[in-house]
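Chain lettering (A, B, C and D) follows the sequence in which the chains are written, and residue indices restart at 1 in each chain.
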């Protein structure tokens, strides 16, 4: 039922989406940056980093889960499903239809996957955006899952890792989507209160209301090389159709140069960097691994069942 | 809540957008003049500059010192160039942040006035960290240890509005709007035609009445018939009555209570379903898709 | 024994230094900015602001005391005298000699005058630099008097007003003078702890180690129009001899434009502005005037006697 | 205190200045490598830029996580251009400030390494608030709720050094200097000749031994004979021993105690006389000059 493309202790192993047919290794893929044709297997082995131009291709959440220790991930809040609070309809499509079609196509409810896992045995909470789900846009479910991830991390006194690739707020949920910026920030105050870090990974693309809220005030901000990151242009980028592309200056490297990102870390080094950070944050406050509160394990089982 | 029952009730969302953007509406400094005494404007972010698109300072209100922070638009072309049309740059938000902390240090309740098309999107603002500046303001407001009342007096434009809008009470003038994206922006994407902005304005539910009905605005402040710009003094007085009332409520509470309520207020925003796995044919008890 | 040049409720009245012979009103003075000859009386009436070019001439501490309500000032710590901790000697002069000569010339011990007073009946602590005393440079006495002024304000729960015109640290006291930056900052934490404001007035010239410490972190920063204010160049400005003048950009207006000063306030409006600020800070925390602790009054009497 | 009794004891102040400025001396990153494990460098002030003249990050020291902040000079022309000769701009100090707050949030003791000719004095640095940036750093350190150890490893240049130098323990390498103004600057003013810098260096008492004798440095760290640059590993190990010892002392105390001691430590710095009114012929009991 589960397949692992690769197991590399030093970096990480993308995990295949369940039910997805495995792509044969002898297929070719084209790098979206340099247009080079690459063997699928070679691309997989390099964690979807182009061997020719080092372009970091986008990962979907189940691929990001390969950052964690094998078998350590437990998903939470998978039972949250988007509503259509405004009854939003445009000539292009009704929001309710768009949701249904995207859910059926991707086999998931909305744009965030969250849960608990370990890296080198150290537990953490994590939440991962899925850009393939309506541009990773931030609606009520996104906000609620991020909020619960932060609250869970606070309650369990665990670090929180967020992986942020999003076009910004989800306009079909109107001002409710905007308010998710404040809601998630609220929850992060609880994490701060228990002196646990929020580590934000900015991946391609990260824009608008997402960048302008919780990831930009993380304790540690890591960006992937070449990722498009910026404030403006988000609303356009967040939609798959039309619209201008991000400006040239809206990159991870530009953000780093201007002091807004702690480090730009190649994907191959990411797991090692996170592991070291978890060691540093865990050295004083946690002697060994934090243990789960029994009551919470029960809740997790219920929520997960 | 003060709800108006003037003739403006029949206005469309797009009509409200026009009213919200009317340059003759009361702006932040008009509100301050009508509401407070002893205003002393404070300037600068102590980092880079002083942004005229955000004004702030201390004043007294019913004998109590309050901190004011608001977007400031102009009334004519010259003023609007100076005020950058009420679109703050990062230094504007960092000035706001400084004043938030100042208010907290001295225990001054914070009154914010929202009136912006949005944060400045130009390259220079990106370069100096527009996203960071907004994020820090939002983060600071989540647990600022003084009562906060935010009033949308005109345009509530996206993150640029929310940056000074996380509050214990969120009030909206009757013809104010609050939107995640401008109607024109939304229309150009989802209608493929910016001219369909009136349709987008309706679909996004951006009017004060809509935002109140969605549970996000706590109260709607009645405006004079014809809109706030027809009688600024009356509009300001109408707002002042509501603001004073909420301020009195809030200052009666312990700050711990206020903070707990603020948390719950925002914690509760969002509409979603739970436990509907059946939607995709997954039955309860089945392994979850991404447990590895 | 005391003479007042002028009494104007709206602005303030410079106070003559005791024992100083009053300058006859019919003498002329030359504005150092526009070189205009001005009647001494006219200059005094305008609080030493040039009626032609609005240049704000420097005031010495006893003139600044006119900001306060008539008769309200009580000096403190007048019994602090500089030492010569390094036994500093240069070919130009020995520090000990320089001190003695300056003291004799100016009739005061060092570059700061401090005490308590009122503005429109509201009590405050204040400390004023005297640029005429070795460039207002910050040595041990300066540091100790500022520190005591802040501690006294904290103990009495009063606002602190500092009037800062200084070339920076006093190099003849070496690293001890540098450390006064930290010492004064320390004392300000006590003021913050009792929620009383520090209002810093920056006057011509304010440079170096003084600008780079306590005034720049004041709750409210007011600058006088045209005042030379800056970080670099201080060491040179602090000495009366040689050295380049402040750069063109080192002005109050430049500092305001770049966000480092809350307001640039003409001298004629200063007392009213301070009065309003005291009202604002006093509205909530102080119902009426704070009262002196009896023990402290006694100390004051002793210190003042 | 570890005091050296090597042959360097007969060096003049000016000799020490040369040693302190020797580009081959151990710099901050050498100290980190020799002292700590798991170093992760953090970048940026989240305001404007990342200044390579100040480095910082987290590391472990004897199993404990610490925050490191230090000036960083280069060893050659290219490196020194990149590091701006260890002269931070405001964004460097604001990065330091951010890391101070980070250390405080997570309870990491702070280790600072001082090695700068001074803060950058150029116009661009003025424009972005060099004075404010230094002042905020100093202010933050006065009551930062973690233990702080500052070690002068080379040049301690005025306010640019003090900005990361307010500490519970102030240590100096044997050939380090700490000065309110460069010897050249002092000489050009008081000797009217920059070439008299050796005289000014002596007069200002800037060597580690002097600063220790003045009661400002808590300990002097012995260097290898010939100076730290002759055996970097030995020099770093010598410093590491002293730093570890002080860190152990400090982490044993309650933070309230540490803060109270820090206050007293700085409160006591200064040499002056009291009650000598007679000097000017004023007798006790006479009215004071400025009582009005």
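In this section, contacts are C-beta pairs under 8 Å (C-beta built on N, C-alpha and C of every residue); 3 or more make two chains touch, one makes a residue touch a chain.
What you see is a predicted model; the values in this text were computed from it and never measured.
A.B. asks: Looking at B-C and A-B, which pair shares more C-beta contacts?
C.D. replies: Comparing B-C with A-B, the pair joined by more C-beta contacts is A-B.
A.B. asks: Mind checking the centre-to-centre distance between subunit B and subunit D? Centres are C-alpha means, answer in whole Å.
C.D. replies: 45
A.B. asks: Just how far, in Å, is the C-alpha centre of subunit C from the one of subunit B?
C.D. replies: 42
A.B. asks: How big is the gap, in whole Å, between where the Cα atoms of subunit A centre and where those of subunit C centre?
C.D. replies: Once rounded, the distance between the two centres reads 55 Å.
A.B. asks: How far is the middle of subunit A from the middle of subunit B, if each middle is the mean of its Cα atoms, in Å?
C.D. replies: About 29 Å, centre to centre.
A.B. asks: Please set out, as single numbers or ranges, the residues of subunit D touching at least two other chains.
C.D. replies: 46-48, 128-129, 132 - these are the residues of subunit D that touch more than one other chain.
A.B. asks: Which residues belonging to subunit A are in contact with no fewer than two other chains?
C.D. replies: Within subunit A, residues 216, 258-260 contact more than one other chain.
A.B. asks: Just say which it is for the chain contacts: an open line, a closed ring, a star, complete, or other.
C.D. replies: If you draw each chain as a dot and join those that touch, the picture is no line, ring, star or complete graph.
A.B. asks: I'd like to see which chains touch which, written out pair by pair.
C.D. replies: A-B, A-D, B-C, B-D, C-D
A.B. asks: What does subunit B use to touch subunit C in their complex?
C.D. replies: Counting only subunit B, the residues touching subunit C are 38, 40-50, 58-60, 63-65, 91, 95, 102, 105-108.
A.B. asks: Can you list the subunit A residues touching subunit B in their complex?
C.D. replies: Within the complex, subunit A touches subunit B at residues 1-2, 15, 17-19, 61-62, 65, 68, 70-71, 73-75, 78-83, 85-86, 88-92, 103-104, 107-109, 113, 115, 140-141, 143-144, 147, 169, 171, 173-183, 185-189, 208-209, 211-217, 230-233, 235-236, 239, 241-243, 247, 249-250, 258-260, 304-305.
A.B. asks: Flag every residue of subunit B that touches subunit A in the complex, lowest number first.
C.D. replies: Touching subunit A from subunit B are residues 119, 121-123, 125-132, 134-136, 138-139, 141-143, 156, 158-159, 162-163, 165-166, 178-181, 185-186, 188-192, 199-200, 203-206, 211, 214, 216, 262-263, 266-267, 269-277, 279-280, 284-285, 287-292.
A.B. asks: Could you list, by residue number, the parts of subunit A that touch subunit D in their complex?
C.D. replies: Result: residues 192, 195, 197, 216, 219-220, 256-263, 273, 276-277, 279-281, 283-285 of subunit A touch subunit D.
A.B. asks: Using the touch definition from the top, list the residues of subunit B that touch subunit D in their complex.
C.D. replies: 46-48, 94, 128-129, 132
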